[in-house]
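Okay, got some structures for you below.
In what follows, subunit A forms one complex with subunit B and a second complex with subunit C.
The block that comes next holds the complex of A and B.
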């Protein structure tokens, strides 16, 4: 058993390209490397010289899975740089838009990327042969999330309606009301999803995480709030770079992010749920309680249940926005060119996404900084694997490898994002 | 945790999905075809699609769908291997077809780019240019869009399997706009709209949302970019704005490249 390695050259069911390498020395884990070989694309470099109005469309292209997250962080950072206040109705529409992306992304990850691990299938296609009803349900949920994005943004991937100051065009009340019946079905199906995922088998594995998420005075966080953690962090987006540090490691084209003085931290559904349980609507809180899910949840494998609770939230929130919607007086406010610096953090489905821009007098970008959720979770994934692989010493190679892959998928990593991230190798 | 079901050896056409430098959005389009997905995977054998499956079967493949552009030495070699392993190679999206947004490096100093993004530049290996797949290997069909239209993808796969020509129009976005009954925003509102030189396929989304087309489907056949530049100047767009308009998601397509370089000289 000495000197065994676990290697996965191409990690599957994650977004983007990466690999895993774990080296075991007896029953001890000697080394863990989550390698990101996804080629760098240099967004922060070529954003320089572009106009602020182009940032939502360009940064969306960092990730085809969560383009709205990029658009939301971009517009909020720009609006701060430019001193713009948006209309309350626009703010509500942005919440609805983000709910669409959360529904699509969480349904995709729960049923199509993560569930096959729990049920022992290599993919959702094989799973569909035995569980067609589950897969059909997943597809319909996904489609409803996508429909919200299409109504507000023209298409689900790289939508075209998001502008600094608002939207290029806003939907009518009737266009939104048409989504209600589907969303009522989606809400019920999300409640069923919480129950179903709660009944899966979870490895016994808990870690003492620093959870980092946005926190808003009244709402479950999407676009606004202070950045908080269970270890006393409570900051404004403008203070982010004072508290977090990006490190460049040799084995990865993605930068590793750490909390200064403390190390790795966790962002995403577990962090949001644990820090914001009291901000969930009653229907989501009750679903979590019925599934015996209480904060703090420290088992990352149970993130699939937390994602389902967030599905409930997203459907309920979308229905609320639609019920209360009155179109804004104008789709967007006028945004004159001016110099400034602005930062924003929003909650992508996978966790917080930080943008910072500096603009010149002509509204052109001088510098850009983007810290995606997966590069923030990357160090934490390696830490999880270091602890978890030690439990797998007696396991056959194939099964140990699969379990490690599942542990990575707990984070719904988005490698395309992190590279601006994955390959699995376990060496024993 | 052993696999309950393995496919392979089914005699169905084998499809592989390969990724190069990209955002994953175009391959996600296949999973986003919610109404067609189960029918498609019933008709073919998904032999290699890492974003969706940990089952990764070796070639040869009947169809390879290739997403992303070539930006590293390793990828330049890998695309040769992909070409050898497949009968039909289809590029999906603006990265694979025109180099993508990351081709903006092609006008800049990539070493300076590396220093801007990464603290330890010597860890990064990349090519000076981001290039489309067709600059490296013969391509059987290039599907446009940033992202592609999922219905065009389903049509293309269906046509390829049936051995017929895919029904994918090469006319401009203007035709789609007229069909939708949109008022022309380029003429009536002086919007900087690339619709007249951009290939259809999106359903004229931007003009339908009260903004000018930004060319994400790339140049149409015989795009008259010079005439459009005249119009853009006429409505008061500066040369810098026009350079940026052509230099976006399909910047390295030869038509948009020529147009942006001409604007730059003005």
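The block that comes next holds the complex of A and C.
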């Protein structure tokens, strides 16, 4: 085993292009590099000079899996910069919109990307021969999430109805009620999913994480809240850059984020669940308890169960919004041009997504900063692998490699999102 | 007949399938036209007997080469298409076959692609291939393309 190297040149079942390199020295891990070689995309640079109203549509293009997250962080940051307050009904519609994305993204990851790891299949195609029901459930759940995004956003990929100040067009009560039957099925299927995932075999692996997530006084977090952690962090979005630092590392086109003075941290389902269990609706709490899932969950492999609990939440929350929905008096409030700086954090399926914009008197963007969840988890993924690979010394090469890939997929990394590094040419 | 086009307008040659979609709409053909991601193919072709899927593919041929495959053939080629989570039309067809969800008649058209840089434009060869394929399909569907 001395000097063994684990190398995966192209990671499978993750969004985007990345690779993994682990160097072992005996039973010690000498080096771990999660390499993100997808080229940088310069979104922050080409937002400069554009009008604030364009930011939701431009940033949605960063990701085909989580465009809503980009739109939500963008509009909230802009509204803060411009001193805009949105109507309560618009706020509810945004929660519903986000639920659609969570349902679509979580269903895809649980069933199609992560389940094959636990059931011992190379991929979902191999899994489908023996588990047709799982694939069909995944596709129907995904479609229901997409339908929500279509009704609210005009189309499911890169939706076009989101505006600073509200929506360009809002749905009728009837249009939303038409989603209810499907969502009732999705809720029941999600409850079944919690039980099914809870019965999977999980490697014995726990870490002492700093969990970071939004926390709202009453709700499970989606669009707003203070940013908190289990190590005493409790800040407003405006203070984010005082507490978090982005660092360039040579082996990755994505920046690594760290908590200043402490190091890596974890964002996403585990963090949200551990910090906000009391904010889950009763149906999701009961499902978690029945699955013997109690915070703090420190085993990242159990994130598949936590994602299933969040599926329950997203379906229940979508149904609540639809039940209570009364269309707003106007789809959006008027938003005049003015200078300002605004920051916002929302909870993308993979974790917190930070946006900051500075605007001039004409409402044009002077500077933009975007910190996606995968770049925030990247250091943490490497830390996990450093510990986990050491446990795999006795395993055959193929299985050790596969186990490490599974450990990366615990985070459902979205590599395309994370790759946005502006200073790359300077560092090279 | 249901025609489903796949692709990404922001990733260079990967726009090929969507260029065909645009042109078919302009030509006003008598078929249902949809855009879908590979993972959505099964839902999109649900209840349809006759389906055509169009996407950018990589086989090593020259850019703009038009390929045609029978999607029901037992050994659908392992063509590569760049798509989310590495899940392309070949994988979607394999998955559909595994769970018995292939349409009765499935034709797959691929336009050979080479570069997928973010924000880049497809070259003339790919654009011309999209035009050629759209006109061919429109003609096959008995539409007067000259109008």
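Keep this in mind: the second predicted complex is superposed on the first by the 420 of 428 C-alpha atoms of A that agree within 3 Å, B and C clash if a C-alpha of one lies under 4 Å from a C-alpha of the other, contacts with A are read in each partner's own complex, and residues count from 1 in each chain.
As a working rule, a contact is a pair of C-beta atoms (placed from the backbone, for glycine too) under 8 Å apart; a residue touches a chain by one contact, two chains touch by 3 or more.
Computed from a predicted structure; not experimentally measured.
Shared-chain residue A:399: touches subunit B; no touch with subunit C. Contact with both subunit B and subunit C is seen for A:143 once the two complexes are overlaid on the shared chain. Applying the stated contact rule after C-alpha superposition, one finds that A:108 touches each of subunit B and subunit C.
Of the two partner chains placed by the overlay, only subunit B lies in contact with A:57; subunit C stays clear of it. In the three-chain superposition model, subunit A touches both subunit B and subunit C at residues 12-15, 39, 41, 61, 64-65, 108, 112-113, 123-125, 128-129, 132, 135-136, 139-140, 142-143, 146, 157.
For subunit A in complex with subunit B, the residues that touch the partner chain are 10-17, 37-46, 48, 50-51, 54, 57-58, 61-65, 67, 108, 112-113, 117, 119-126, 128-130, 132, 135-136, 139-140, 142-143, 146, 154-158, 160-161, 163, 168-169, 246-250, 253, 255, 331, 398-399, 402-403, 405, 414, 416, 420.
If you check the complex, the residues on subunit A that touch subunit C are 12-15, 39, 41, 61, 64-65, 108, 112-113, 123-125, 128-129, 132, 135-136, 139-140, 142-143, 146, 157. By the touch criterion given at the top, residues 8, 10, 37, 39-40, 42-43, 84-87, 91, 94-95, 98-100, 117-118 of subunit C touch subunit A in their complex. Within the complex formed with subunit A, the subunit B residues making contact are 1-7, 19-29, 31-32, 34-35, 37-38, 41, 46, 49-56, 71-72, 74-75, 100-102, 104-105, 108, 110, 112-114, 116-120, 123-124, 126, 146-147, 202, 205-206, 208-211, 214, 216, 241, 244, 248-249.
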